[in-house]
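Input: a single structure, listed below in C-alpha cells.
By written order: A, B, C and D. Residues from 1 in each chain.
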Amino acid sequence: MKGALKPEAAAERIPDGSSLLIGGFMGVGTPERMIDALVARQARELTVIANDTANPGRGIGKLITAGAVRRVVTSHIGLNPETQAKMLAGEIAVELVPQGTLIERIRSGGAGLGGVLTPTGLGTEVEEGKRVIEVEGKRFLLELPITADFALIGAHQADYIGNLTYSLTAHNFNPIIALAGRVVIAEAEHYLPVGAIPPDAVKTPGVLVDHLLMRG
Amino acid sequence: MKGALKPEAAAERIPDGSSLLIGGFMGVGTPERMIDALVARQARELTVIANDTANPGRGIGKLITAGAVRRVVTSHIGLNPETQAKMLAGEIAVELVPQGTLIERIRSGGAGLGGVLTPTGLGTEVEEGKRVIEVEGKRFLLELPITADFALIGAHQADYIGNLTYSLTAHNFNPIIALAGRVVIAEAEHYLPVGAIPPDAVKTPGVLVDHLLMRG
Amino acid sequence: MNAKELIARRIAREIAPGALVNLGIGLPSLVARYVPAERGVFFQAENGVIGLGGLPPEGLENPSLTDAGAGFVALVPGAASIDSAMSFALIRGGHVDATVLGGLQVDEAGHLANWMVPGKMVPGMGGAMDLATGAARVIVGMQHSAKGESKIVRRCTLPLTTLRRVDLVVTELAVIEPTDAGLVLRERAPGVSVEAVLAETEAALVVPDEVPEMVLA
Amino acid sequence: MNAKELIARRIAREIAPGALVNLGIGLPSLVARYVPAERGVFFQAENGVIGLGGLPPEGLENPSLTDAGAGFVALVPGAASIDSAMSFALIRGGHVDATVLGGLQVDEAGHLANWMVPGKMVPGMGGAMDLATGAARVIVGMQHSAKGESKIVRRCTLPLTTLRRVDLVVTELAVIEPTDAGLVLRERAPGVSVEAVLAETEAALVVPDEVPEMVLA
C-alpha cells in the first residue's frame, strides 16, 4: 500500500485513454466515489472492462452518461439503454464477452497465465477470430488474458495496509480484478486498524492494493 | 450434502484403484482420520494427487508407508524418503508437477476448463511431451485439467450442510480440490449448525460436499 | 393460470431435492415460487450467491445483496457468498445441477438461441452461454410462439447460445425433449391436444404413442 | 561470520521497503533475520500465507500455521491466509516483488538449476519453477562452490529450473549480475580480491573497472 488518496487526487492519476478494470455487478460493489471523481474531472477516452455498464445514474452508468468511455469489454449492456444507443451511434465500441470467460481472462492476466481453454462460446459468434484447440477429442476456445492500467475496487472493509473484505453479492469481479490492474485503487465502506481483519477473513491481500480512497 | 459417514464407512466407499485428490501441505490441512481409515481397510492401488507426500507417519505419508499407493501426482516428495525409495524400487510411479501448475490443472478440471497456458516449466524437463502454444510472441505450455474419483478435504469448520472454512495455512489445496473430485468427502475440526458460518466466511459452499466425516 | 405460471409450475417438478439451481431472469425466475422449501434446493445467482431466499422485509434491504437482475433478495440459512470466478467455476464445471433459461428459439438439434436479435436487441450474453454450456441440465422455459411464429423451429435463424443440446423445453403447450432422434413430444398441457401442439410447432416433433398431460407443481 | 550469514546479510539489502518477498527454505530463509521490521516487508510462504513473522512462543504453536518447510511460524499484524491457487497467482503473476532461492548451478546465460540431480536427488520442484519464472525479481543465494567445484558455470549441466534469466546471484565471495553481456561481477566480499573470485569461478565474468566490496545489512 502506497498511501490513501482523496478521490480527486486518485482521478488525477488516471489519465485520459487509460484502461480500467472496474468491480461491480449492476452497480453492486462498484466504487461509486471513485466513479464520481472521474466524472467530475471529465475523464475521456477510457476503456472500461467490467461485467456490465449498470444503468444510467449508477456506477459505470455515470461514466457512460458523461461521455468518458470510448470502449467497453463486458458481458452485458442490456440494462443500460445509453450504452446501447452510443454503441449504435458509433461513440462507444463494445466487445461482448461471456461472463465466465471474461472473469477467467482477467484472472489469467493477473495470475501470469497465457490464457485458458473454455467450451463456452464454441460454435457461436464468440468463436469468431479465435483459435480452437482440441484436447483429448474435445474442442475449446483459447481465450486470452486481460490486464489493465488500473483496477478500481469497491470493498466492504479495508485495513490501513489495504487488506480487503467484501460483503455478500458485492464480491463479484472485485477480488479477481485486484490481480490484474497495474495500479490498484480500492474504496471501502469501512476502514479499520491493521490487525482488525483476521487473516482468514482477508479476501484481497493488501500487497495487491496500491491506494485506498480516503473516506468522504 | 448427502450425509455424514463414519470414517470406516467412508473408506469402504473408496474402492481400490481409485484416484484421490487429497488436501494438505506437508500434512497441514490433510484429513487425518480419513487417511487412517484408508490405511485400516488396507486400501490398495490408489492414485494420489496432492501437493506432497508429507513425511512418514503423517497424512499422505501413512498411505505411502502402508503400501496403499501405486501412483502419485505431486510437486514434492523430498521430505518423504519412503516415497523416494518406493519410486526407485518401481513400486510407486511419480509424476512431478510444478506446484503452481498442479493447482491450476486441478482448478481447470473442477471449473470446466480445457486447460491453461503457463510459462512455468518452459524449456525444462517439465516441457517434455507437452504442447507449446505461442500467444502474442510468447511461448507457453498447455497444461491439461485434472479431476479425480474422490476429493478428501481437511477443513476447520463445517456446518451440517457441508459449508466449509479453513484455518491459516491449512487452506492450501483444499478449497480447489473441492471442485475437482467426483465425490467430495470433508473432515472438519468443528461441526456447527446451519447458519453458524456467515455467508462471507464460507470458503467451500456445501453444494460441493457430498459427505462429512463423523467426529470421532 | 396464465402461460408463464403454467410453465414455471411444470418446470418446478424437474428440480431435484438438494439440487443447486440457477434461474435466469424473467420467466425462469418464477420457478422458485413453486419449489417447496422442504426440497432443500439451493438457488444460485451468477453474481455470486448460493442460497437465494425470496424477498427481504420492506425497509431491511441490503444494497450489497441482490440477484442477477439487480433486485434485492434475502438468503436461506446456510447461504454462501462467492466471487465471479468461483461462481462460473460452479457453472461451467457442471456443479450447477440445473439451469432454467428463457429462449428465443430452440431447433431440431436441440440448439438454443436466446441472447440476441441482430440489428434489434444486443444486450450481451451475460452468463447465458456459460450456463447453457456448463450446467449439468439445461431446461428452457419459454412461450411456444411469439408474434404468431413458432419458437420451436427447424433450424435456429438467430445466433446460437451454445452448441450443447439442451435437455428439456417447457412451453405453455408442451414438454419437448431434444434427443438423438430429434425433438420428442413428452407431454401436452392440460386440455391441449397433440394435434394442437403440432399445429403450433414449426419443427418436426417425434410423437410417442402416449403423450400424457403435464402434471403441475 | 560464516558464509551463509554473509550471503543472507548481503541479500537483505536488496529487499525494498513494503515489498512482498518469498524466501526459499534453507539458506534463503536466513535473509528474514536481517531485514528490519521497520522496512514493512511482507514475507510470503507458498503454502498460503502473507506476513510470516518469526517463531511462535514455545507451547503456543498452531498446527495450522506453518511455513513452506513445515515449521511452526507466527504472523505479523495485517497478515492474510490464502489458498494455493491464489498463492501461485501472486507468484506467477509477478506480484511477488522478489524471491530468494538456493541454487545448484547458475550459468553464463543466467540460467538457474536448483531442483534435481539426476540419479541422486529427485525431490520435486515444489514451487521453485513458478517462483523462478514468475517473481518480479529472482535472487539466487548460494555458496560459490560445492565439493571443490564452482557453481557459477559456463553452461548448466543439471536440469534447468526456468529459462528466465535470474536477476542477481549472491555468494560468500561475490555479487554477480546476469546481463545481456554475460555475468557481471558487481561486488566482492570483504577482503576478497577480484582475482580470488575469478579463480573460484568456472564461468567467464565481465569485470568492470570498479568492483566495490559488499556492504552488509
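Heads up, the rule we're going with is that a contact is a pair of C-beta atoms (placed from the backbone, for glycine too) under 8 Å apart; a residue touches a chain by one contact, two chains touch by 3 or more.
Fair warning: this is a prediction, and the values are worked out from it, not measured in the lab.
Here B-C and A-C are compared, and the pair linked by more C-beta contacts is A-C. Taking the mean of the C-alpha atoms as each chain's centre, chain C and chain D sit 55 Å apart. One finds 34 Å separating the Cα centroids of chain B and chain C.
With centres set at the average Cα position, the gap from chain A to chain B is 32 Å.
Centre-to-centre, using mean CA coordinates, chain A is 29 Å away from chain C. With touch defined as above, residues shared between interfaces to two or more other chains in chain A number as follows: 104, 107, 111-113, 118-119, 166-168, 199-200. Along chain D, residues 49, 81-82, 88, 91-92, 134 each make contact with two or more other chains. Contacts between chains form some other arrangement here, matching none of path, ring, star or all-to-all. Contact annotation for chain pairs lists A-B, A-C, A-D, B-C, B-D, with touch applied as defined.
Residues 45-49, 62-70, 75, 81-85, 88, 91-92, 121-130, 133-134, 159-164 of chain C touch chain A in their complex. Those residues of chain A lying in contact with chain B across their complex are 104, 108, 111-119, 133, 135-136, 138, 140, 142, 144, 165-168, 199-201.
Across the interface of their complex, chain C is touched by residues 1-2, 107, 110-113, 159, 161, 163, 179, 194-195, 199-200, 202, 205-208 of chain B.
Chain A makes touch with chain C in their complex at residues 25-29, 51-52, 74-79, 84, 87, 94, 96, 98-101, 103-104, 107, 118-126, 156, 166-176, 203.
Residues 18, 20, 42, 49-51, 75, 77-82, 88-95, 134 of chain D are the ones that touch chain A when the two sit in their complex.
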